[in-house]
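Once you've had a glance at the structure underneath, I'll fire off some questions.
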Amino acid sequence: MKVVNQPLRKKDAMQLVTGQPVYVDDVTPRDCLCVKLLRSPHANAIVKSINKTAAMKVPGMEAIFTWEDVDQDGRRYTQAGQTYPEASPYDRLVIDRHVRFVGDVVAILAGADEKCVDKAMKLVKVEYEVLEPVLDFHTAKDNPVLVHPEDNWESLAPVGADNRRNLCAHDECGNGDIDAVLADCDVVIDRVYHTQACQQAMMETFRTYCEIDTYGRLHIISSTQIVFHTRRIVANALHIPKSKVRVTKPRIGGGFGAKQTAVSAVYPAFVTWMTKKPSKIIFSRVESQIASSPRHEMEMHVRLGANKDGIVRGIDLHTLSNTGAYGEHGPTTVGLSGHKSIPLYGKAEAFRFTSDVVYTNHMSAGAYRGYGATQGLFAVESAVNELANILGMDPFKIREMNITHEGEIMPAYYGQLNTSCALDRCLARVHDMIDWDNKYPCRDMGNGKIRAVGMGMAMQGSGITSMDVGSATLKVNDEGFYTLLIGAADMGTGCDTTLAQIAAEVLECPLDNITTLSADTDWSPYDSGSYASSTIYVTGKATEKCALELRGKICALGAKLLGCDKEQVSFDGREVRVEEGENAGKTISLSDIATASMNGNSIELQATVTHSSEISPPPYMVGAAEIEVDTETGEVTLLDYAAAVDCGTPINPNLTRVQAEGGIAQGIGMTLTESVTYDDRGYPMENSLFQYKIPARVDIGKIRVEFENSYEGEGPFGAKSIGEVVINTPLPAISDAIRNAVGKRFYELPITPEKIAMAALEKK
Amino acid sequence: MLTIREYKKVESLEEAYTLNQKKSNRVIGGMIWLKMETLNVGTAIDLSGLGLDTIEETETEFRIGAMASLRALELHEGLAAYTNGAMRESVRHIVGVQLRNLATVGGSLYSRFGFSDVLTMFLVLDAQVELYKGGIVPLSEYAERPKDRDILVRIIVPKKNAKFNYQSVRISQTDIPVLTCASVKDENGYRFAIGARPARAQIYAQPVDKTAEQMAEAVRAEIKTGSSLRGSAEYRRHLAGVLVRRAAHALDAE
Amino acid sequence: MLITMTLNGKKVADDVAADTLLIDFVRNHGCLSVKRGCETANCGLCTVFMDEKPVLSCSVLAARASGHTITTLEGLQGEAAEFGAFIADQGAEQCGFCNPGFMMNAIALFREKQDPTDEEIKEYLAGNLCRCSGYEGQLRGIRAYLDWKKQREEDAQ
């Protein structure tokens, strides 16, 4: 392969490293209305009265919208970027009289500049009827306090939701007689694991600009992963026709799933639609921390049974998930906690997976890289590590004995076939990389310092089975350069480049011959958007098929110009050549074909292909951490993180590697420092990057990633996904290393120095 | 949110002092913390034109201008040599070079934040602060005073025959500390300044004849700690013992 | 109030409010590379040079910068392209939003230390957060750039 599997520079790389103005706030006008949101100081309250008279007197103020401007009996909507009919309930109004978390929207203010809006904000007088909040997700189900008591709450999909029980979703599934199998096991690990809410904390906060375009339509320029879903979400929220909405994304300053929810778009859209004036909202970091779309807090009860020989015979998992005040991604994230952890253990005779997703008066959760799999894998992998300890077995050995293999059916993975899998090779590779046998379980370095290792495995999916849609349009331009139009969203991940690499490989041209444009609901071919690890696998396959179809058209026009049938010609990327018949050997260059296509031609040199997949081949990964624990202070220093990934064929090895390294760093943060917590009134505590500590470069030690590629026949050039699987292994690996250092296993994240030090002290 | 109505780059300490007598006016140091406050400032008083950003070293003392940056403290070779590297250790974790180029020693000491590494460090240096009207006062006394409207001009660190050490525990490397411990050993014995309790740093003196373990136990028993987002009172008390013992060992080592 | 400063080599004069921050001033004067990632001086995205020293422009009053020399990445395009190419060759720029602040502080590091160790690099750049890359690619890019520079100097001798 000449272009695919090559470590090529991203198409936008030099623009980005030289700081060119390419993001929402750079490419949209400064002299538009500044939009800000007045947010609730209460976790659960009804707005009794709201007085905006004084605020509107501030010079420059354009409008203040409150619940009185929104039909409270109108149809509700969800901000979740999902295929319609969404699994997430329709439980939001643009402004609801009933505010359900600290930070919920009470009023939308729009004015000439930030100063006047800030001033006006202080002058809006609101009287609340404060209600008792539901703050503990353990007591949410069937709590007498209902987060959504309203009659116009609506669930569109059969996910077991019931607002009268604070239930956003409920599910049960299984295979085999799990109770009988567990009763027959020599050992059953029976533990409860708790993972916290975490913020994606992408460097560019949520932001959206809106204007009325030439045709009187609402043009939304937003930092989003989901242009098409945003069109539907905004139309639903404003109760306006979808034909009136256009959504465009420029460069995005990071997403990680946060921008798979339309967190910011609805508010300036409302302002611009009402005032017909351009407007912009830029979330502060505080807003991005307290009113956004963090990872779902989950509690997982695992019962994992095995025989003395180490064979895992059954896994019973119950997950309780906290969706917060609104149900964005609630019903779907929870499923991955079981369906993307249990299938790793291919010898199991039975499984059961049950789940409840509950409403509370926390901020709404959302999609964050890993999407429930991260949580479930922490639980199941930690349980297997504990099993290894109990049986006195090596954690790598026990995996080697149990893992799923290529060609096997995975009952807990929706019964799908394991079509491509190098998990065994990943295990062997990481085992060597970390020098496991010499380091496991720990070494006392003296002075209270202990070095230890720990490991974990992970899987994810590649797109949502039989749901995600990817499309590509390719066309030939003057002199034979190509344009690739996509609806997928490059959020730094590099898909504008990697999809072009796929097209260039098929079209046998240099990468620079292809210009990528994305994404715009008016001119991009339909794409569900960049989430669920779908872009390379689903949109990438569409791109491959599209490029093949375009080759056919190039050949057809070339043949016509050469006076022969298209079956008689070949195309090598530069010219069409007659291979047989009387004109054999005659050629015409792509450039000449392109020129001819613009003169008296009726064969379109353009193709659009749409693709969806009936399977979602999992990428796999193994990670191992070496840490040094100061047993007296509890401080953990990460020395080395070794990982091996099976993502099928890496389309761009550089970008694949950086995805893995970045995901691991986020996993490290989730394991050791990052957490979203609330005080007893429901106030979020970590409301800034000062209080919410994402890893700095001095916190992560050394991260080393290698690849063990399988070949996925359904993917483009054998590729599977990479973006999400990479965040999952640090949680079980580091927590296992901590256990190996101090002799105590932690079932709750993050594992802070205090927890470790106090545990070590207790042990003494 | 911080709003400022007027800005004045003063030309003399007298001008700064006069302006600072008005309650709504504020002296700006590095403006790192001030900017995060919700505050309406009448006149922002900028001392950056008064040449107070220097560190002078003489035979007997260091004279550090109130506007000297934390980065200047970090890089100053004389301070590094005198404090056995403790000065650098006390500031190097503070967020990043760009922040330390702005944050000032005067701002840090005036603010008297509980989590202040700088205050912890200067307490064991027996530093004195020079106030425009109030004259020279020991830092230990100044730190206990309520904030007043005098102008902090410089910090004077006397040179003594002493050895220093600095330690801190942080949840992540660039976070504010869970606990700080600056220490000194001289002919009078040991003194440990412990900050981020989470309240302001305080000094705990110990005689020369105690062992590290005994001193750790004594400080552990004496120290008042509290709970915050970063740690419980109990954990902090435990850490105080650990850091004191380690500091004592480090100070005793050749 | 009227302020004047040298911004990327050009004298700029403007009337600003007393509480205008330098980050907003430079963005209003066309330096859109300068980004805001937080309000608490933690992220490093807004790094500019004030008289050759890297500072957080979110925490400097435009008024205080009056009379000083301010440099943003717009004023260092040559260096940005030369060094940035090595970051691009790792794919470490990713979303790019933290890049300008990172480039600025890395350039400051190169000017201060000719031959930094990995530990020195990490410590100098500790105040530049990046959520995409996990930092390893940035470190590889820096090492490759420093090696290239060293080689170039050796070749010149």
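Lettered A, B and C in written order, each chain numbered from 1.
Definition applied: a contact is a pair of C-beta atoms (placed from the backbone, for glycine too) under 8 Å apart; a residue touches a chain by one contact, two chains touch by 3 or more.
Note that the coordinates shown come from a computational prediction; the quantities given were computed from them, not determined experimentally.
**Student:** Which chain pair is joined by more contacting C-beta pairs, A-B or B-C?
**Tutor:** B-C
**Student:** Which chain's mean C-alpha position is the greatest distance from chain A's?
**Tutor:** Looking at centroid distances, B is the chain farthest away.
**Student:** Averaging over Cα atoms per chain, report the distance between chain B and chain C in Å.
**Tutor:** Spacing between the chain centres: roughly 28 Å.
**Student:** Centroid from C-alpha atoms only, then distance chain A to chain B, rounded to Å. What do you get?
**Tutor:** The separation of the two C-alpha centroids amounts to 43 Å.
**Student:** Give me the residue numbers in chain B that touch at least two other chains, ranges are fine.
**Tutor:** In chain B, the residues touching two or more other chains are 36, 173-174.
**Student:** Of all the residues in chain A, which ones touch at least 2 other chains?
**Tutor:** Within chain A, residues 690, 696, 698 contact more than one other chain.
**Student:** Could you check chain C for residues that touch two or more other chains and list them?
**Tutor:** Those would be 39-42, 123, 125-128.
**Student:** For the complex, give me every residue of chain B touching chain C.
**Tutor:** Touching chain C from chain B are residues 2-7, 9, 28, 30-32, 35-36, 41, 44, 46, 48, 71, 92, 95-99, 101-102, 173-174.
**Student:** Residues of chain C touching chain B in their complex?
**Tutor:** Residues in contact with chain B: 1, 17-19, 21, 39-42, 44, 47, 53-56, 58-61, 63-64, 66, 105, 108, 123-128.
**Student:** Which residues, counting only chain B, touch chain A once they are in their complex?
**Tutor:** Answer in residue numbers: 1, 36, 169-176, 178, 229, 231-232, 234-235, 238-239, 242-243.
**Student:** Which residues of chain C touch chain A in their complex?
**Tutor:** Residue list for chain C touching chain A: 28, 32-35, 37-43, 45, 72-74, 77, 80-81, 83-85, 87-100, 103, 122-123, 125-139.
**Student:** If you look only at chain A, which of its residues touch chain C in the complex?
**Tutor:** 7, 9-10, 12-23, 26, 30, 200-205, 251-256, 284-286, 491-494, 652, 654-655, 657-658, 660-666, 688-690, 694, 696-698, 700, 702-703
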